[in-house]
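Every chain is named by a letter (A, B and C) in the order it is written, and numbering of its residues begins at 1.
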Amino acid sequence: MAAVTSVGETPAPTAASRPRGMHVRRQRRLNVFRYVVFTVFGLFFLLPLLAMLRFSLEGSKLGTWSLSAWKEIASYQNTGVPPLLSAIEVTLELAVITSVVTLVLLVPTMIWIRLRVQWLERTVEFLCTLPLTIPAIVLVVGIGPIYNRIQHYSVSALMLFWIYVILALPYAYRALAAGLGAIDVKTLSEAARSLGASWFTVMVRVIAPNMRQAILNALLLTFALVLGEFTIAYLLLYNDVLQPELFAINRNTPNAGVIFSTSFAALLFAFALLLILSYAGRSRRGRG
Amino acid sequence: MAVAATTETGARPARAGRRLSVPSWAGTVPFFAYVTVFLLWPTAIVVVDSLKNPSGSWAFANITKLADPLVRGYFIGSVKLCLLSSVFGAVFGAILAYAVAIGNPDGLIRRLYIAVSGVLAQFGGVTLAFAFLVLIGPVGLLFHASWFYSFPWGITVIYTYFQIPLMVLVFLPAIDGVKVQWREASENLGASAWQYWRYVGGPLLTPAFLGGALLLFANALSAYATAVAWEDQIAYIVPQQIGIALSSEVGLSNVNVADLLALGMIIMMAVVMTGYALLQRRAARWLR
Amino acid sequence: MRSSYRLALAGVVAASLLAAGCSSSGSSSSGGTNWATQTSASAGGGLTALVAAAKQEGTLNVIALPPTWANYGAIISAFTAKYGIKINSALPDGSSQQEVDAVKSENGTAKAPDVLDVGMAVALANTSLFAPYKVATWGAIPSAQKDPDAKWYQDYGGYMAIGYSSKFGTITSLNQLLDPKFHNAVALNGNPTSANAALNGVMMANLAVGGTPDSISKGVDFFSQLKKAGNFSPVQATGATIKAGTTPVVFNWDYLNLPSYVGVSNWKVFIPPHAILGGYYAQAINKNAPHPAAARLWEEFLYSQAAVGGQNLWLKGGARPVQQAAMTSNGSINQSAAALLPTVSGSPTFLSAAQSTDAANYLAANWAKAVG
């Protein structure tokens, strides 16, 4: 397996004839750069989130504090929507199914195309960008008839995965393409094939492991997409998926803070989940 | 997928022992089948509907409506917003991705930023627009930005909020693939940082950068809920007008118009992707 | 390797199919009346038979009924408590057009909406989707407010009002809104080319500045002036924007301008004296409802004059039930709730279908220019 090291790892001491001072200076500059970037972007991302959090803790008069918006999530009365826990469960299952199907569909196909059928590359790229071009509200018009047929077989919200995979394609494709482009697929595959590997072995045991970060990022993006997807589930009248459920909780009460407590809770939940996933995907890299 | 290699001697290349003469594109059939059913067919429904009128009969002349000055205005508005937010998102996202990539590959900061990016990339809609409204809107907590309601500036800032994390996620695998040995090698040969980026790093990362920017463009193109939550009274961009055409309850709803606008977006995307393909080809030449 | 790959793929497909489960079957009640074709409870064998059939169906699909809109939350709970029928409430913020679209696109599935609550424009345009049905209290609905073929019947309504934060003092006339103290403050409930409530908001302003229901141009001019004065906010007024102070003045139906709905306590309501613009919504039953008996029982519940029937519950939500006149004379109305309704002097105006269409067309051509 080719060793891939990332850009900033400290190079091995065997790299000779390089002035030590220059390296230290560059490292210091890079560190300053990193801290500045993290601080600036951190602030930019944090401020709206803090505003949301503050608003979710507003009391009935502006300027006071109250936990009522958060308590509502746990205690809302069930007027026509399923309990929150069942919606979370369904959405998690949906996320897993969608991620698996997306990766199974995309990774072999992309590797295969890069290896053997390059002329299809732009076509696949276009097809994988198309779902983003059509606003969800119009896409529902198009998939309505298909889902009508699906619902004759099953009204379960898990059937949403068929369209969620399509929604995830643009993001997963781009993450995977970035990873695929970073490795020299041709050389790796020629080397493996000359050692007698089958195409399947080449794809699964040679190339895919070099795309670990890309596959992980695609997985994270798909997961986050399913956890955050609202419009299509809402317009197809699936109210037992997380975001429509949170929306229903919000509409259940005149307490305006609830939409923010539910949003913030959903963000925290997704963040915790993605963080855990990122640990699961990353191998402890040895040196070489 | 076609199984070609034999493993008897361990060194026999593809031709020997080929059992099926299946063309190599056959390996992409699962992907294309799935995409045809769940993406192309709905798109076809939308496109066909756009050329009909509400009573159901054909109206090919509908397509000339796309040239209407009012409609052109929406498309120009969409292009402005998408260009601005994708350029800002791509540039800042690339910088942030670089800062993340040059750190410890197994460190906490990297995982945190990746998880946060995953979550924020899919964050948007009412809550995001409201958070900015509360921060820099008319009664802003931070300050009142007089440009907040002027198109495209206010909405661009909001869009950039989710564009940057998306860029981080799809660009990071590419940066990871730029091996540190190449940087060392170029330094050993006496190249300055600028020369390294100009001749080595830049060309390597350009395809992924352009791909990321394209994804951001498409991402901004179809975003609807955020724009409507930012400002409801005037439709500046195509999705806002599509929303009115689909859900107007005062008698102005017209599914065919909505479909037509969606068709216009697909055509626009095809044009953008052609430009993008040309750019990639030039960048690839630069790499040679 | 290959087999494990195939196994994984098969596992995914199997898991998804297994997890999916089977659809619930259609809902014609076994052995007995086909409630889908009954035009009244008595025709189908009486209310008891209807209740029994509905309970057997066990579910009701409703759409676009936010719990905080005209007290629908309490209505849903009361119905479920009384009959034990589970209600699936989807698309709470849907527009009337989206309701009708859902009926069409979900046709034949178990999730299709059973009943609709739509604006008049949408109701009149889609009668082919509705089933004729006369509730037990049909006679108590004024004849001008129901379809002679019983396909739609109005349910509740209100008058267009201006709700505002009491920090502005008391508003007594529309033109006060042009004052600089209302900078960035005045908002509608949506875009008038799209939302019924917003169109009526502009029409109310139109009437208040001397316009007539036949032409909305003066109303559009008023908002144009408002925009030039810097007082018009382009944001849709929601509970959140009101609470945050972004939209402290809102044009909305009076039952949506209740302090309890809006969520802030210092909220006042003003209806201009010569601009009492009324608007009623209408009920309808889906011709192909998956749960026809439950749908009809729901309508019976909504039009019941009981103390905890639909009419009084809507009244508690600040809306005027369509049977208000009849219930006031026969004493079944909730007196204390009725007393809380904003008093109006003068007779209300109601837009005809033609006037509403003309207004919409005018807005489509001129609104963006006026407030852009």
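Rule of thumb we're sticking to: a contact is a pair of C-beta atoms (placed from the backbone, for glycine too) under 8 Å apart; a residue touches a chain by one contact, two chains touch by 3 or more.
From a predicted model like this one, the values you see are computed outputs, not experimental measurements.
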Comparison of B-C and A-C by number of C-beta pairs in contact, larger one: A-C
Centroid comparison with chain A (C-alpha atoms), farthest chain: C
Inter-chain centre distance, chain A versus chain B - centres from mean C-alpha coordinates, in Å: 14
Mean-CA-position distance for chain C and chain A (Å): 37
Multi-partner residues of chain A (at least 2 other chains): 55, 145, 200, 259-260
Where chain C touches two or more other chains, by residue: 98, 240, 244-245
For chain B, residues contacting two or more additional chains: 130, 134, 243, 246-247, 255
Residues of chain B defined as touching chain C within the complex: 130, 133-134, 137-139, 149, 228-235, 243-244, 246-253, 255
Residue numbers on chain A that touch chain B, as the complex places them: 4-9, 11, 15, 17-18, 22, 26, 30, 33-34, 37-38, 41, 44-45, 47-49, 51-52, 54-55, 105-106, 108-109, 112-113, 116-117, 120, 122, 124-127, 129-139, 141-143, 145-146, 162-163, 165-166, 169-171, 174-175, 177-179, 181-183, 193-200, 211, 213-214, 217, 220-221, 223-225, 227-231, 259-260, 263, 267, 270-271, 274-275, 277-279, 282, 284-285
Chain B residues touching chain A - in the complex, by the definition given at the top: 1-7, 9-14, 24-25, 27-28, 30-31, 34-35, 37-46, 49, 92, 95-96, 98-99, 101-106, 109, 111-116, 118-123, 125-128, 130-132, 134-135, 141-142, 161, 164-166, 169-181, 183-184, 187-188, 193, 207-208, 211-212, 214-215, 218-219, 221-225, 238-239, 242-243, 246-247, 255, 258-259, 261-262, 265-266, 268-270, 273, 277
Interfacial residue positions of chain C with respect to chain A in the complex: 1-2, 5, 8-9, 12, 15-16, 19-24, 62-63, 65-68, 73, 76-77, 87-93, 98, 102, 105-111, 113, 238-240, 242-245, 260-265
Residues of chain C defined as touching chain B within the complex: 94-98, 101, 118-119, 121-122, 125, 183-184, 188, 190-196, 199, 232-236, 240-241, 244-246, 356-357, 359-361, 363-364, 367-368, 371-372
